[in-house]
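Every chain is named by a letter (A, B, C, D, E and F) in the order it is written, and numbering of its residues begins at 1.
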């Protein structure tokens, strides 16, 4: 549910705030819910708060899973 | 001092207020300072209050005085 | 308009003017002061100066409540209007009066203060009743004519137990000012200002009557004619003064007997006495501190006294040193004597208070009369 | 946009869609409910429906916080906003929701209430700090994603001792709603709604994790895939559900492992637990009273609870009887089944809440998908 | 489900209010335009629905003018902001001697403004435009947040075509020219002020708001060659207009108070408020400057037109490098007639 | 005492504020107009000081258009309300294929507005008008009470002359026609929103605010005969414009998401705010509908102009009695592109 988008933590600003960067769009958000983020992390931003941190490896795995699907799909496409 | 104008009391409205008429312009004013005015009286209106009541006889006398002046003036104009 | 149009009859006026020309002694000068700005305005608006002979001069007195209000009082009003939830109600003429630091009530309004022009104290009361969350302050100025309406407003507010209405009182007294002028060195000792008589304002006398002038007339050997504001009243009063001077009398005459009695309006005087008391002293612009020349709200109505309610303090502010308003109000100078007149100072860019109200000497002369100066300048040029 | 663009790759999508078409058993129907309005929105916006075979159906669930908020709560908010000095802050989507008597927050604003759209609870806090004379109420709605920000705002307000900030809390819980659907007669007894699996919203699970779904998956024999909101996430989740159905499994799978953990965000859960507690019951539009399905502010933060602070009382208001939102939210009907859809009810003239938020089933179908119905109508016409 | 195109717009004109969606460029705005504006203005140009309207013109000289209308109150005796927005701009176009052809209209509406009032205003505008024969061919609507405007503001622009050879301009007044006014002054200002809450007085006077172009057409047809310029004494009244013209032409003016047409109620209201009627606004009057020999004929011609019945010569153009406007007072003196200083605040004391 | 005429107006531009006297029709208003407006707009028409301006035209077809500008904030990256008020109306005139000739400008100013900001806006407007070669020949100023407006509102109207034989109109789109956009969409809306206090985000993007008439002149010169219509996707964005045109011409439209030019920052900002870039406003872009055979040549020609560098064919006109606008999504599906419903409120949840 609800609009949320991954953005890169560009700078921690103190006071539980950070500046995030989404393709050149900068916005100050609260990182009170993800206090451990470091600059360079990607966080899921929702109503001005970071809800969670993206795990790059898991993201890679998911994309790899799609590749697998793609293979399966390709196969399916061939066989169907 | 100050802008004031004679207007006719058209109607007493109660609550120390009256509607006055100045050549078709009607305005509600306070008659708290001239509590005894009756409809038809002319009052001197200033900042929304009647300051005094005009005495028609005295007004007539003053105009008569001007006439006297006029006579004197006419005389003066002839003799000067 | 009954009681108006009859008193604007130009033909009668021409004839009274002819009488003045005929009766004024060509070997002497007549200098009369019309105390009141309303008279100043009437003289200008009807072009009465054109109708007088060269040896009859009118001097514009200090009877414009806007002009005599010192800058410090405007500063106070501006400061008051900036306070939280304050709504300042004022008569329109005050809006553009220059205060300190190039400010004015109009500017303060533009800056966001809630300042409203009212026509009457009744309007200010209505605002207070309709907007109970606002602290409505009526910025009261004026001579004896506007004072009874302010007194009544305070009495009504007290009766209605209006908790959000108060008055910033700046009411001043005509007789005190005239006495001050008559006692001034310019008039009494130096003789730099010649004053052969006064035109007293009829509207003030509707309230206070003619009696308060009897003392001066006698003490200072100065005739007084209480006159109305229509042009015939005005020109007639001048004729009456010329005649008194010629006859060597110092009487108080009542040209406005149609609405002025010797003792004025007893109701109004009672209301004023109920609510106000004399201030020991009050600063007048141009005249300086004048003892017993203004009113303050009595203790019994202190809850309606904005000065006390808001702990206002008065800081005297020096006038613009280049402005000659002070001397003009005392009859020592004319507007055209001021270097700023018409250059830096015009009704659109007033430097002094006399340029603000249309009853101010400078504004009246600028707005209605300056073509005469120009003509003279042209004549001079032509002669040169 | 990293982590966005990769997940919008149309070529990959086409291939996953091909897998779905290949793997879906042509002899059976697959009905999955995407619980969340965000998924509904994504399906419509990317045109994913076009890419699915005819026997794979998506049912739009009740996961739109705007849609499930009963009219009576909006009425309460409108009433609250009309009170003296109240500034009501709200997320934009709520502005146009129809309330009783043809009113809405937008209309209330037009009528003079101080209602402001905010992007974040941080903005509402800022308003409260900057305008201490206003009583700032945040109209809080949403599922588990918006709840932690509300909790934090209350904690910050408490820490800063902000006396003029409060929250009108309408936060609701995803698992309770899903359970309610699975327990409904339509699904469980009547079988009028076929539900072969759920797509769970990833964003909710960033907070609560995947673990809360494990109970249903087992109890109701229903596979759940927690999925992201990009189109590849969505279509991939559908493939995963097809595979589970084919395999007869009832697992909770996590498609969004890149940001969702089994136990979610412990920080966020702790903040929520600090500030909120379960309501015994809460009315959902469409679902009716659902036990333990919403949050209220704990006693220890009662001074920030607008419902208590303003003594608000809830008056249930019947929905427009012609509006089928209720049945649509439960998956019993489709938007086009409603007689008002597209005639009386459009996003510009919404009759029900599902037509307001772009995540509502009716609005999403109207805005993005109705050309398909029309095509069918045309086809029918052509055939006739 | 019916076609979106044929869906009836749902504007609750009786009790609805304008909200921000009515200005957001979407369907709600379209509805507002269709139901309120296009119906009221009703012409083929607008019906085309383009962002501009096209019209044919012959070779020649054209004029363009614009004015914004922000009047409070919006409804007043003798008119409203809508009719005023037509008359005012038609007049500014026509006073050049032009035949007004077309108007544009831009609306800025405050959120919360009653749709019923909007409709009343727009209908009045449509009626005024049709009565004048000058269609509103293009327009625009903006809605701003509550408290960011005062009900409705209207800005109209107009274009017209000038008869061949006619070149009126404010710089053409010459010494000896006559100054003509088309009727009584101050009616509009007094009618509007009488409805201001803080000044309230009652007076049976209506705004003179009117489109003067037919009167002007008669004047141009009859005495175009002798006419120097025309202007409408709106804000600032006769005083401002004469001062403007005196400065533009580098001349002086001298008028006679006794000849200035004034209704007694206007005089009375001005006395009561401490205003000078020469500073009060008019919306259906014009000042014309004309060569002396044609003045009396022009006045006679004007008096034959319903909008010029009280036309009068009120003075003359004189030589004055200072560009003063003077007035012989009815009482027998002389005074200047200056620009209004500051706002026209009622004088109290 | 010097001559009133030569008295220097005393506007404290650095720290002064507009007050009610600046709109009262007196000397203060005259000062404001002389010092701020006439200097900035600087042309002989205005200098004449009449209430309307005259100009010569040849026989032919003219167009007129108007728009009000109420933008918040008034200054934004790439422009301000002043330049926008020139560009917007120049464009609405030019989009008919006309050469824009003249503008009028009406100002409604809130009491208390800083004179420095007013001067900045008016100067920018003058610069935009000179750059476009379309002078502001007549204008109007009103000042309203504090709290009765939001700083400054500007309404401009424009007139222009249409080349002989050219008749573009929104009702001329035909099945098979190509839909062309002149460049990236949403830049203006995003640049402005980035400066809104309640949305604040930072983005290095400027409004595309620009006068398009030279681009349009090239297009008309090159392919006037094949052009059906042009329109600028302002409020409501591309979505509103295509829907308008579809309804006017009683057709459908089909566009391809992948071909719609969008800057990455605009896409990102819209993601962040939950907006659809197709609903976001543009102020320097146009949509053209053209016969299919000329489309590619037109795009090539547009790309040679600095304001058309990113021009692209984005779709086709199709038959559809329901006048739907559809879009093939980049992901591979299809959806409708509808009018914006309500105001464009950022979607949160």
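What we mean here is this: contacts are C-beta pairs under 8 Å (C-beta built on N, C-alpha and C of every residue); 3 or more make two chains touch, one makes a residue touch a chain.
Predicted, not measured: the structure shown is a model, and the values here were computed from it.
If you walk from chain to touching chain, how few steps can bring you from chain B to chain C?
1
According to the touch definition, list the chains common to the neighbour sets of chain A and chain B.
none
Could you tell me which two chains share the largest number of C-beta contact pairs?
After tallying contacts for each pair, the winner is E-F.
Would you identify the chain whose Cα-based centre sits farthest away from the centre of chain C?
Most distant chain from chain C: A.
Which chain has its C-alpha centre farthest away from the C-alpha centre of chain B?
Greatest centre separation from chain B goes to chain A.
Just give me the whole-number Å value for how far the CA centre of chain A lies from that of chain D.
About 21 Å, centre to centre.
Would you mind pulling out the distance in Å between where the CA atoms of chain B average out and where those of chain F do?
Each chain reduced to its C-alpha mean, chain B and chain F end up 61 Å apart.
Just give me the whole-number Å value for how far the CA centre of chain D lies from that of chain F.
Centre separation, chain D to chain F: 38 Å.
Provide the C-alpha centroid distance between chain A and chain C, rounded to the nearest whole angstrom.
For chain A versus chain C, the centre distance works out to 76 Å.
Taking each residue of chain C in turn, which ones touch at least two of the other chains?
1, 4, 17, 37-38, 65, 91, 96, 106, 119, 123, 142-143, 145-146, 346-348, 359, 370, 374, in rising order.
Name the residues of chain B that each touch 2 or more other chains.
1-3, 5, 22-23, 47
Would you mind listing the residues of chain F that make contact with two or more other chains?
4, 20-21, 26-28, 264, 267-268, 271, 322, 339, 341-343, 347-349
Which two-chain combinations qualify as touching?
All chain pairs meeting the touch criterion are A-D, A-F, B-C, B-E, C-E, C-F, D-E, D-F, E-F.
Mind pulling up the chain D residues that touch chain E in the complex?
The contact residues of chain D facing chain E are 96, 102, 106-107, 109-112, 336, 341-343, 346-349, 370, 373-374, 377.
Under the stated contact criterion, what part of chain B meets chain C in this complex?
1-6, 8, 22-23, 29-30, 32-35, 42, 44, 46-49, 51-56, 58-59, 61-63, 65-66, 69-70, 72-77, 79-80
Could you pull out which chain B residues touch chain E in their complex?
1-3, 5, 7, 22-28, 45, 47
In their complex, what parts of chain C are in touch with chain B?
Contact set of chain C toward chain B: 1-4, 6, 12, 15-19, 21-23, 35-38, 63-65, 91, 119-123, 142-143, 145-146, 148-149, 152, 174, 201, 203-204, 206-207, 229, 232, 236, 239, 255-261, 264-265, 267-268, 271, 359.
Can you list the residues on chain F that touch chain E in the complex?
3-5, 20-21, 23-30, 48-70, 92-93, 95-96, 98, 102, 104-108, 137-142, 144-145, 147-150, 153, 155, 157, 159, 162, 167, 169-171, 229, 231-232, 234-237, 240, 244, 247-248, 281, 321-323, 339-344
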